[in-house]
């Protein structure tokens, strides 16, 4: 069943709004960050990774962002261009703000942490004036990354984008994508997450992220209660993730579809979510059944936790299909299906 | 007909959220401010004036605010206490922020301007942590002054209050109360005004203020279109003001009620709105017919533009009734009715 | 004896650098500020008062300052013009900064306090780029008010003015004028006060102000030790004040000259210092003996603590001479001489 | 001849004040930074490099600094400890400020540029309260890096250190070390550089750096005029550098000593200055003749421009002596002597 209808006449498939960053991942990993000596540089930032992911699957993506007016700004813009992402709405910062950096500490396949440079940062300079109504009118869907809500003026840029998407019938996807950095208080998180969630057609997040969102509305909801509450607003699909336990998509016809992770030898414990998002959204745009969208997302997630980067290693659809086929041959047809 | 039902079991009638300020009005008015030599000091700020107004009519009012930790903070708190307003939720600033000042320039009865001190100002320090759910649960209604939305953290405090009011069945009144100061852009104004307007039971503002609110949703609405749009959200009563042309309350049963100003010799062109608000809300709490609420508000507005202060000169109900009686005897029964 | 030689060819006598403010003094004084209802508005701020004072004595004064771009900016500029002060180097603020306000609380003739509005304030926006070398080259002396050192960019504007004064042989007068507001730490105070004191020809301050200045150099100096230390730098005259005990000018020839206050019925405990400064500097420019400069300053101080304002009531030289004559007839020739 | 006398009873040789940073140098250099994929991480920042350099020569060094409270703060502190540098006065930041990052772009041996992360940066949080008088009393010399003067509170920490060094007879070394980042205006640069230069026993900088320092005092000075002017203040040694043309030490007995660069195959065009500083100061502490100090500094500079890092590759004295010996054997005894 189709829960979301995209306006096929629109030239752009997905416009993302949020941070583009640069990741530095240690080459000599499985050591504390202080001891790592050599790093590989990659484009990073959750919505940036999803943009790359869906583009590699053939969708036409665009991006609302601010990046630094320096060599790293060049780097991410050039990379996006090379991937076929439309960069006409990516603007340079004017007051020396730098692009966010993420240094990853990979202690073991399951223990990771990140050291983020996010003070006076480029992505949070996204300005309401950067948000172009025509651009939103020409895209089938817009994805709001929750991190964009952490501070002004990016916060207002995101809220404006939501208002204009609603006005123009553009599908709104909210990827909660919580990062503790930049937020001032838990009240702020609940206020702004819930404001966007109320207007969204699709909401994606972990149980913890839904808890943060609902804190001022009703504490202690179960997944079913959360899904039901957001369905009463605008949501058609509510995806709640439980890490290694898998995730479930609750649809506004009362159905639920669950998926488990594919078995894989992980290198790092991050990057999976962006693979999941790319794969799931690709399936949705293709008009697949919900369970197939989820399976494709789960497979792409597994491929990404086994990779060194969160962007450069994103697969094309054939590779994901091949990975699924191979996994099923190895572990059985129902390997990821709950 | 009753458009709003108040929960009579709640001890507090109206909690206001927003700025408390100090007004300095020239004694030697009808001169440019630079030339005025002597000033009278009054409590001021639109929601503060309405709090005083409704208290003088016998309602039990409370206030969420931050005031300066100095003699002017003492002044406004003492004045509120004397008026019977609950000040337990009025907190002092902790980082030297000062209470807002308004120096009024009264060039003639129709030409006024104001010089505001609103940099690093106390009222905009209202913090989400100051917003107490129990307090909101115990009041029949909460009035949000739009000025509180102009900057963080007051902005989030107001949004939190709206969320908690909704959660607890407290009537939400939105007094748009636009002041250009402190706002960063027109986009911000439309974003935050419309967010609060969407959740409000009663919205009060001038045509210009509704235009600011609706700018990102739909430009160029007529009064009827504005009212209809907000009725589709939560609003039961939408009051749109046109200055000397009078104002109209649009109710969610499709009715409209219009009132004109009472004739009066004005001293200054401000202070009327707060009198209007106090009188109108008093009538509403009394359960009067809509047109009687409006007439009472209009009468109180007329009394205030003829007075030197916006707070100290606010009348009790007997005085307003007397003024209406006298005006009708002088000008006819229908003097203010459109 | 002449301790300071002024370059008589220069058209301007004294350029002051620092704050111009607006004072609001209660008309119904001898009550707590919170209870005062009516206020008189005056030009204020120590260097502004001295500028008015010396102008009324016939000196040609100029001013480096930033004032607000509003009616209060007009007020002070108009007042300065009327007094004959050159206002060509007084610029308006460009980012909404307001002119400082001082509300005075006069509890009794000896108990006063002030409530200052000094957040995001105009005078501290004075920019190094505002400091014009030609202007400094054309004035006999420049007076730096210590308050200008409290924050950037005014701090750097003052330091630049000192550097250019030194380069151009302009006499440097440092009026320490300590106000606790805006300073971040005692270390900062000592650092910047001592930097300017080292370059100054005349230093004026209370014992407490010298202690603040010398804190990082040597604590616990006596007046004689302070004077000797600054004489080893550039100072020719070091004036140290002890309130009601009187004050002493230490000159770099090893002499000292002491003066006591004139008896007077005080209205308020501030404003005296600016009268003292105006009178003393006038005598100095006239080439008087040191003790006569001090007597004239002390007399003018006495006249000012008996007045309601700190600016408008500043006397002309004839009035000061008359006051001295009258006091000596009443109390004896040596009334103020230690 | 000995131009500087160190107090041999003091346990610490050199305390440095300024930035500690982390350098990321591309492994795949000789490409634009945007295209470089792999980076080596090193301790960096000019005074940090000099601290490492002199420690490797056997001097006892300490450091006043603020570093980030994260894994990079651990990295630099651990590295310093391993090098024998006293880290008891290196404090962690308390408000999330991050350690400065320098990404180097090495296009060719002569074309380099840097991309710096210096917004809300750790080193500029050095606070006057961090500056411990006992520590300064126990060191023979203190080196102030000019970058520490770029913003408050580090600026005031540096000025306080200079005041306390002067009070306690500690030799003051000023390494101008100009970085455009963080400075607000050229006026500020001249004001603060000249304030520190006036109090310094040794001043080291390029011609351009002396021009920046002297801009508000006298423009267009020759090297001889600059040296003479600073000798009239406190300076005993003034070193003015002219890049590949070599550098000259002007001593306050009217002598001058010049040195040229050693021939070397450069890898990058930075890092030389810190080697020069380490080597020169080492010679000075050893009591060598001026020309020998310079030669040793020049040799160490040459070794550093041929190395990948600016810290890890710093040599010990034997290596520098060997380099000099080898160079002289190859190119002649006078190879670096002008």
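We just call them A, B, C and D in the order they show up, numbering each chain from 1.
The definition used in the following text is that contacts are C-beta pairs under 8 Å (C-beta built on N, C-alpha and C of every residue); 3 or more make two chains touch, one makes a residue touch a chain.
Composition by chain, UniProt nomenclature: A, B, C, D = 5-dehydro-2-deoxygluconokinase.
Fair warning: this is a prediction, and the values are worked out from it, not measured in the lab.
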{"item": "Separation of chain C from chain A in steps, with touching chains one step apart", "value": "2"}
{"item": "Chain at maximum distance from chain C, centres defined as averaged CA atoms", "value": "A"}
{"item": "Mean-CA-position distance for chain C and chain B (Å)", "value": "45"}
{"item": "Intercentroid distance (Cα basis), chain D paired with chain B, Å", "value": "62"}
{"item": "Set of chain D residues in contact with two or more other chains", "value": "none"}
{"item": "Pairwise touch network: line, ring, star, complete, or other", "value": "ring"}
{"item": "Complex contacts: residues of chain D adjacent to chain C", "value": "128-129, 152-153, 156, 159-160, 163-164, 167, 184-185, 187-188, 190-191, 194-195, 216-218"}
{"item": "Chain B residues within the chain C interface of the complex", "value": "24, 27, 32-41, 70-72, 74-75, 78, 96-98, 101, 103, 105, 115, 117, 119-120"}
